[in-house]
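Letters A, B, C and D mark the chains in the order given here, with residues in each chain numbered from 1 onward.
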Amino acid sequence: MITIVYFAWVRESIGHDEERVERPAPGVTVADLIAQLATRGGGYAQVLSDPAKLRAAIDQRFVPLDTVIGDAKEVALFPPVTGG
Amino acid sequence: MITIVYFAWVRESIGHDEERVERPAPGVTVADLIAQLATRGGGYAQVLSDPAKLRAAIDQRFVPLDTVIGDAKEVALFPPVTGG
Amino acid sequence: MKRVAIQSADFDVATELAALEALGGGGVASFTGIVRGEGGLIALELEHYPAMTAAQVDRIVDEALARWPLLGVNIIHRFGRLEPGARIVFVGTVSRHRTAALESCAFLIDWLKSDAPFWKKEHFADGATAWVAARAEDEAKAKGWTA
Amino acid sequence: MKRVAIQSADFDVATELAALEALGGGGVASFTGIVRGEGGLIALELEHYPAMTAAQVDRIVDEALARWPLLGVNIIHRFGRLEPGARIVFVGTVSRHRTAALESCAFLIDWLKSDAPFWKKEHFADGATAWVAARAEDEAKAKGWTA
């Protein structure tokens, strides 16, 4: 299992800030995970269908969406940060 | 008459911070005034014999040493400023 | 001195600056970001990624310490609901000379404003809310510091 | 808000910053210069040209107000005998956005450090004294702001 955390309008649309999912197969990227979650429909489809608007972090490090998830513990999905 | 004011080590060497002198003739520059004051010898000669180390202001405005004094009320002679 | 705090509570700029002034440096630079109450804004809600924020800020402070000869760096960033006039962020830097203090302060706030994992939601008097969009200008500014 | 003070008395940074924070801007930048007690220095004596200083500082503040969209500028410069740890100078600027506040603060302190009519005499523990020489670096920095 891995943890997915959501922030800002991604979190709001999905309706919760964290969930546990099956560990993705080797080679699966963040973009693949986003596409898979989007198939759930509803709030997921609404915010995850346009990945260009999303940013991600793996184990608390910003990563490009084409990064392989591998043995990460936590994937975070969120809009571009808007700072302080 | 015009007022000459001195600051920092110029003031210290000359021994006073202000004096009144006859108004210089038309066309006389700050550099001319410095050369003239230097002929007084003592502290004057000591700090005024090397004008490259001096800066000046006429009526509270920085000026190059070759500026004509004209009808100014106050000439200031001092080392390069060292700020705050 | 290196201090990083991510907190919901307000802070006292005087206390922070006094600690920085006491470090023996010749120059203390600071920047304080404040919520502006424009366009009917009644509150700004700052959300952050707690597991990531402190570590990231800590890393950028280390980068500043490596780039400039600093005697002290202090960063405070608030989260939660903040009303117009409230402080959001404080950056204070101390160095022997002014240039290092001023440049590192600008570097840190540019980073915080563009790359720190914070998201802002605006609440308006008419009940409307809107998530603030990232500004391309801020990203460009932060990139400008990259050698 | 525009405030320029040339004074021998110390000042309270918190009070100055609070006034700047209250102007409704999004960013307050400040720089505080402090006497460093290095090399046996026991005091710095600042002499200035009173008839000239305030007018000159006022003029450079007007220049900053013309160059950046500022809501407030506050400059305090002390003269007289100052011991290590004492504040010498304070520059505070406020703008809607951080860049204008940070840049104008750096511009003003660069000018004050290089072009303001102040002279500094160092007093050392062994009784020696020395007038500080102008630094070519400072002059170059102030010139760098000229368009």
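As a working rule, a contact is a pair of C-beta atoms (placed from the backbone, for glycine too) under 8 Å apart; a residue touches a chain by one contact, two chains touch by 3 or more.
Quantities reported herein were computed from a predicted structural model and do not represent experimental measurements.
Trainee: Kindly list the shared contact partners of chain A and chain C, in label order.
Mentor: For chain A paired with chain C, there are no chains in contact with each.
Trainee: For chain B versus chain C, what separation do you get between their C-alpha means, in angstrom?
Mentor: Here chain B and chain C have centroids separated by 49 Å.
Trainee: Taking each chain's centre as the mean position of its Cα atoms, how many Å separate chain C from chain D?
Mentor: Comparing mean C-alpha positions, chain D is 23 Å from chain C.
Trainee: When the centre of a chain is set as the mean of its C-alpha atoms, what distance in Å lies between chain A and chain B?
Mentor: It comes to 73 Å between the two C-alpha centres.
Trainee: Per the centroid of Cα atoms for each chain, what is the distance between chain B and chain D, given in Å?
Mentor: About 26 Å, centre to centre.
Trainee: Could you list which residues of chain C touch at least two other chains?
Mentor: Within chain C, residues 33, 113 contact more than one other chain.
Trainee: Output every touching chain pair, sorted by label.
Mentor: Once each pair is checked, the touching ones are A-C, B-D, C-D.
Trainee: How about chain C: which of its residues touch chain A in the complex?
Mentor: Going by the criterion above, the answer is residues 33, 46-49, 51-52, 55-56, 77-78, 88-89, 112-121, 131-135, 138.
Trainee: Inside the complex, what are the residues of chain D that reach chain C?
Mentor: 12-14, 17, 21-22, 24-37, 85, 87, 96, 98-99, 101-102, 105-106, 109-110, 113, 141
Trainee: Enumerate the contact residues on chain B facing chain D in the complex.
Mentor: Residues in contact with chain D: 5, 7-9, 11, 57, 60-62, 74, 76, 78-84.
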